[in-house]
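Next up: the structures, one after another.
Each of the next two complexes has chain A plus one more chain, namely chain B in the first and chain C in the second.
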Partner chain A sequence: MERSLTQLGNLIYDQINNQEFPWIHMQSRSTDNIVYDANIRQYVLGPRMIRRHSRNIRHIRPFTQLIWTAWFAKELVTQRKTSTLRETYYSARGQRDIEYSDQTESDNIITDLEVALNRAREEFNIFPAERSSIFGDLTIEYTVPGYEGRRTNLTDHPDGVMIGPAITSSEFLETTADKVLVIEKGAMFNRLVEERAHEKFNALLIQTAGQSPRSTRAIINRLHEDYDLPVYIFTDADPWGLHIAMVIISGSANAAHLRGLATPDAKWIGVLGSDIVNYKLPTEPLTEYDHKRLHELKADPRYDDPFWQEELDILLEIEQKAELEAFSRYGLTYIVDEYLPAKLQQ
Partner chain B sequence: MSQPEYQSISPSDFFYRNREIAGFSNPSRATYTAVRELIENSLDAAETRLVPPEIYLRISEVADQKDTETKIYILRVEDNGTGVPAEHVPKVFGQVFYGSKYELKQARGTFGLGGTMAVMYGQITTHEPVKIASSTGGKIHEFVMNIDIQNNRANIFKHTVKENPTKWRGTAIEIQMDGDYSRIMYRLIEYLKQTAMVVPYADITYVDPRGRLYKFERGTTKMPPLPESVLPHPHGVDVETFKRLIATKKAKNIKDFMMDNFQGVGAITAERFLEMAEISQKTKPKKLTPEDIVRIVRTTKEYNKFKRPIASCLSPIGEELLETGITKELALTEEDYIKVVTRKPSTYLGYPFIVEAAVVTGRTIRKTHGSGITLYRFANRIPLLFDEGSGVIWKAANKNINWKTYRIESDTPLVIVVHICSTKIPYKSVGKEFMADQPEVEKEVTNAIREAARGVRGFMSRRHRIAREKRRLNIFNKFLPKIAEFSARLAEREPPNIDKLLSLVSADIPEVEKKLEEVPEIVEESSE
Partner chain C sequence: MERSLTQLGNLIYDQINNQEFPWIHMQSRSTDNIVYDANIRQYVLGPRMIRRHSRNIRHIRPFTQLIWTAWFAKELVTQRKTSTLRETYYSARGQRDIEYSDQTESDNIITDLEVALNRAREEFNIFPAERSSIFGDLTIEYTVPGYEGRRTNLTDHPDGVMIGPAITSSEFLETTADKVLVIEKGAMFNRLVEERAHEKFNALLIQTAGQSPRSTRAIINRLHEDYDLPVYIFTDADPWGLHIAMVIISGSANAAHLRGLATPDAKWIGVLGSDIVNYKLPTEPLTEYDHKRLHELKADPRYDDPFWQEELDILLEIEQKAELEAFSRYGLTYIVDEYLPAKLQQ
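== the complex of A and B ==
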């Protein structure tokens, strides 16, 4: 990692030394250059390249910010420190002439650096805010400074362990689990821990807190690839829940330049549209916005599969949606005692 | 039962009793008006002689006074004008309604009233005589005198004749008067400054009561041509004037009288006009009845075939001179915008008039005047400093013009100068500080300002463009060093030399545009 950053520095340096306005080549991240690759079942960047050129008045500021961010990343890497997107944004604010007008701008530049280096930001130690967590029988060994060699089992923490830089960079030593169960919401995650679902189903539990952060997707991918654990995703039966599952399965357009985040073999097990009918779940009517989103998803290449098209159609047909919590009408433990076993059987 | 006592009063007496209408209402205002009247007489006197005026003004306090609000001041004004012939001095300065100005052409004053009023005001507040020295090129005549107010004539106390080795020509006058300088100080200086603006060929020196010297130096020796005297236009005549003309001018019949005493009246016009007024062409003027005269005067307003009044009696400052004056007094630089317009002559109620206007904006104006409109108003080259809001010029500048059309926002610094010259300025009062809104005058003033403002749009665009380009180059100056710094740190090398790159984009105005050509801009992200 350190070398890639130094190389970038040398490239710019040499151009300036040759009395040229420095510029770099990178893949275009504009929407028309993001294409769905059916072979690897995720979005990828197309072949189009752009030049970011310091001679261009509109480029020079982001160009400078990119170089600064690269330097900041190198500092993190060499000093073995981590930072967050937000922290990076505020660090830039301490630099005259670099500062961003808002965090979105800063996040964007960090993504540019990922594209320019062809590496994920976690590799240069910049992490998103931590909000998702993991629980279950997995023993890990930390590698972060000060904790090197220290081990912990993730069942030691009944609230779950936050998926942050420390977990992400740790070694996974052993697990007795034979599956991963991904849940969209913290409340349901807590319910499952309380009901000892990890023992009942022999599963690692991960809660994504909405749309899953990249580091969470990276861990899901890693558990699947390295330990061959099947992944099951459990979300609300509405367009947003569906898409949380889909991003874990097929990745997002925003991360089209990265690999190792999508888990195409992961299965979405519910709540299915058909479950709403079969389990007579309490529902809410679809809003206008839900409708619009469902139609967008129908046109999205990731949903080309007949299974997904049918699920979208069911929701549109019954004009209703249901949340995970809807199972509570049958009692708090119903979901663990009845629903999930039935689903996992299939 | 007592009989009311009737008595006639002399013109001097009339003005003595009504001095506030001539601008002598209180000590501070009287100080201002006295200075103004004397300076204007001096300017007129020099212009008549076709020499660039040199005016010296001194106001000093009389020594050993109690510390009261009003004090006794000595006002001294010297000029290089025509000088007043010795035999006329008593009348010019000691008699109301005597002067060289009772004819029809543009002049600052009208009846030679102001100078005498100043003398009279000094006399009634201090009981001191006035001192006058004058020379028309020969010997110097010095007078010490005052005014016999009841009889409208001068009392001469002393008349001395002196040799004139330096061949001085001009007039010097010294008046003692009750005044209040501290309250009028700023207006007075403003008055001199604005006078210098519209009389850019005059040198004005002023020593104030605290001994401070103000110099308003001329920016040119070029002077506008003198106005010519012309006959009155029939539209502008009133019954009284008509009667006086009849009394003083000889003519064998009314037709000849009309042709000889009014401008633009030939035989045919005279015949048609008299026919309309139902007066026989053969009538002897002196035989006209009062009713006839009233009918004639009324008909002059209705008859619409007269030629337009001649404008050669007017003397506009001219675009070049006005620009010189404004540039000099506002200390404009090349970065400021100034446009001066002299309109073609126009008329209202039979009086010809010409409007001149200037619009000024730019960095200097922002510094000295702040944002928004500042108005400088002039009538026959006299600055108007009071009652701005009630005049026609204020209305034209603030109400009639949509400034947005010219890219001028409410916070744009803007100076508007308007000069109206006419044989008769439509003042609303004898104080001569603001003009009534005659529709023709209002229209001309509005059009003049519009015409001068037309170029502002382009100036603003150009300034915006330069500012934008400057900003653009500053961006390079700002970011290139950063790129160099952080790429060097990233590569762990010494900072590279970026002087060459920076020199390509250095933000030296006015070289900006040239430099920009050397730094071609890549407009879109190029795809490859």
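== the complex of A and C ==
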């Protein structure tokens, strides 16, 4: 990582030494250059490139911001520190000549740096504040300062382990699990931990705490690629739950410039619209906002597949949605004793 | 805990055996019976009692709900399982004769059961889904099934440890820390962990993830009472940050029926309104909603003290607010190297 940043710096220095106004060449992230690639089943950036040029008065601001952010990233990496998106923004505000009107502008520049370097920001130690967690038989080795070489097994702590910078940067050494079970919510994650679902299903359990942070999607991808573990996703039966699953499977337009985040082979196993009917789950009526969102998803290229179209249609038809916790009507352990075994068998 | 629930059950059985319609006597939780007790510096329930009587047609619904919830709690405790508020609600929806119009009604009945038993719901294994976390030299021993007798030190995991059912129910064995530092947000918590603030300040670090869950407030209280550790709270300089501190210090009206949650000796150390000015922090203007909230707080009895009134006035005067991360303008480590040492010295 340090090398990529040094290269970027050298490029700028060379341009200045050659008496040029420095500039950077990078892929365009504008909406018309984000295309869905059906082959690799995720959004990617198209071929269009842009040049951000310090000779152009409209470019000076984002150009300076980008260079400052690259400097800041270099500091983080060499000092082995991490920063959140928000701290990065405030750090910039301490600089006399770097201006940002709000954090969105700063977040955007960080994404530009990802594109320019072709690396995810987690690699240059900028993390979001979100927190998801993981539990199960996976032995890891930490690489963060003060913990180098220290190993832990992710069953050691019965409330599960937060996926923060330390887990994200750790090495995965060993697992006996033969699948990954991804759950949308903390409550259901705790239920599965408590019912020892990791043993019953021989699974690593990951909870995304809503829409999964990128570092969590990267971990899911790593477990699938490196250990060949099939991934099963288990969310609410509503447009938000479906989309949590879809973003794990096919990625997001925002991250079209990155690879290693989408896991196209991951399977969404429920709660299906048909489960609502078959299991007579307690439901809530769809809100107007749910309706709107379902129609948006129907038009989204990631949902082109007949399976997804049908799932969207079922929800629109029955006009109801259901949550993971709805299975509690049959007792707290029903989901582990009956529902999940049936689903995983399919 | 099991005994309290059995007693409640026996009471009902005895009444039925005596050919009475069963009833329960409990403190009233209506607003006019919640009073601020300046002596113990928290909200308490007043002397008014209510009788919930199954002979009264308007009482039958909440009475049945309460008895069902007590049964459910007994199941949880004897089977050593935990449940979230939400799962409890859905479990009730599986019963033929228990009706709830929404989760709020169920949450309310759970609070009634707390009042009837004079115990916090965490003691009968009903937890919220929120998640805060803790880090520092505290050795604990788990009591949850499968982990009995297992010990861990809360520095073992460099991302910090989530405060879930396992931590909440664990025994605290040993600590070398001489203070507790409570932080409102994950980002700043990570910063402090990364800068080894737990060693520099000899502190246990707790992040509340916004308004702190009750289990976290109970842990803060336990550390203060059992280990005599002073507690320092560090939040944003805005009405929400102030109130996060205040609820840790003086409790909430919602939990007026419980003891052991408020820590009146805890000190809010910042970000003070005066810090915004003295440290020239980057700020945001107050929104209309912030204004409204500041005026509400001014009228709140917990803010009667001149110190708090002045802090509220400063924010209203400068019309600005600032976040913890704002100190990053002086570099990522400024807060640990300069600000906190100065504050803790005072």
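Brief remarks follow.
We take it that the second predicted complex is superposed on the first by the 342 of 346 C-alpha atoms of A that agree within 3 Å, B and C clash if a C-alpha of one lies under 4 Å from a C-alpha of the other, contacts with A are read in each partner's own complex, and residues count from 1 in each chain.
Heads up, the rule we're going with is that contacts are C-beta pairs under 8 Å (C-beta built on N, C-alpha and C of every residue); 3 or more make two chains touch, one makes a residue touch a chain.
Note that the coordinates shown come from a computational prediction; the quantities given were computed from them, not determined experimentally.
Shared-chain residue A:I67: touches chain B; no touch with chain C.
Once chain A of one complex is fitted onto chain A of the other, the partner contacts of A:I167 are limited to chain C, with no touch recorded for chain B. By the touch criterion stated above, A:R151 is placed in contact with neither chain B nor chain C.
Of the two partner chains placed around the shared chain by superposition, chain B is the only one that A:R48 touches, whereas chain C remains out of contact.
In the superposition on chain A, A:N17 makes contact with chain B only, while chain C stays out of contact range. In the superposition on chain A, A:H295 makes contact with neither chain B nor chain C. With both complexes superposed, C is the one of chain B and chain C in contact with more chain A residues.
Against chain A, in their complex, chain B makes its touches with residues 472, 475-476, 478-480, 482-484, 486-493, 496-498, 500-501, 519-523, 525-528.
On the side of chain C, the complex with chain A involves touching residues 81-84, 86-91, 93-94, 127, 129, 131, 133, 142, 144, 146-147, 152, 156-167, 185-187, 190-191, 194, 196, 209, 282, 323, 325-332. Listed in rising order, the residues of chain A touching chain B in the complex are 5-6, 8-10, 12-13, 16-17, 19, 21-22, 28, 48-57, 59-61, 63-64, 67-68, 70-71, 74, 97-98.
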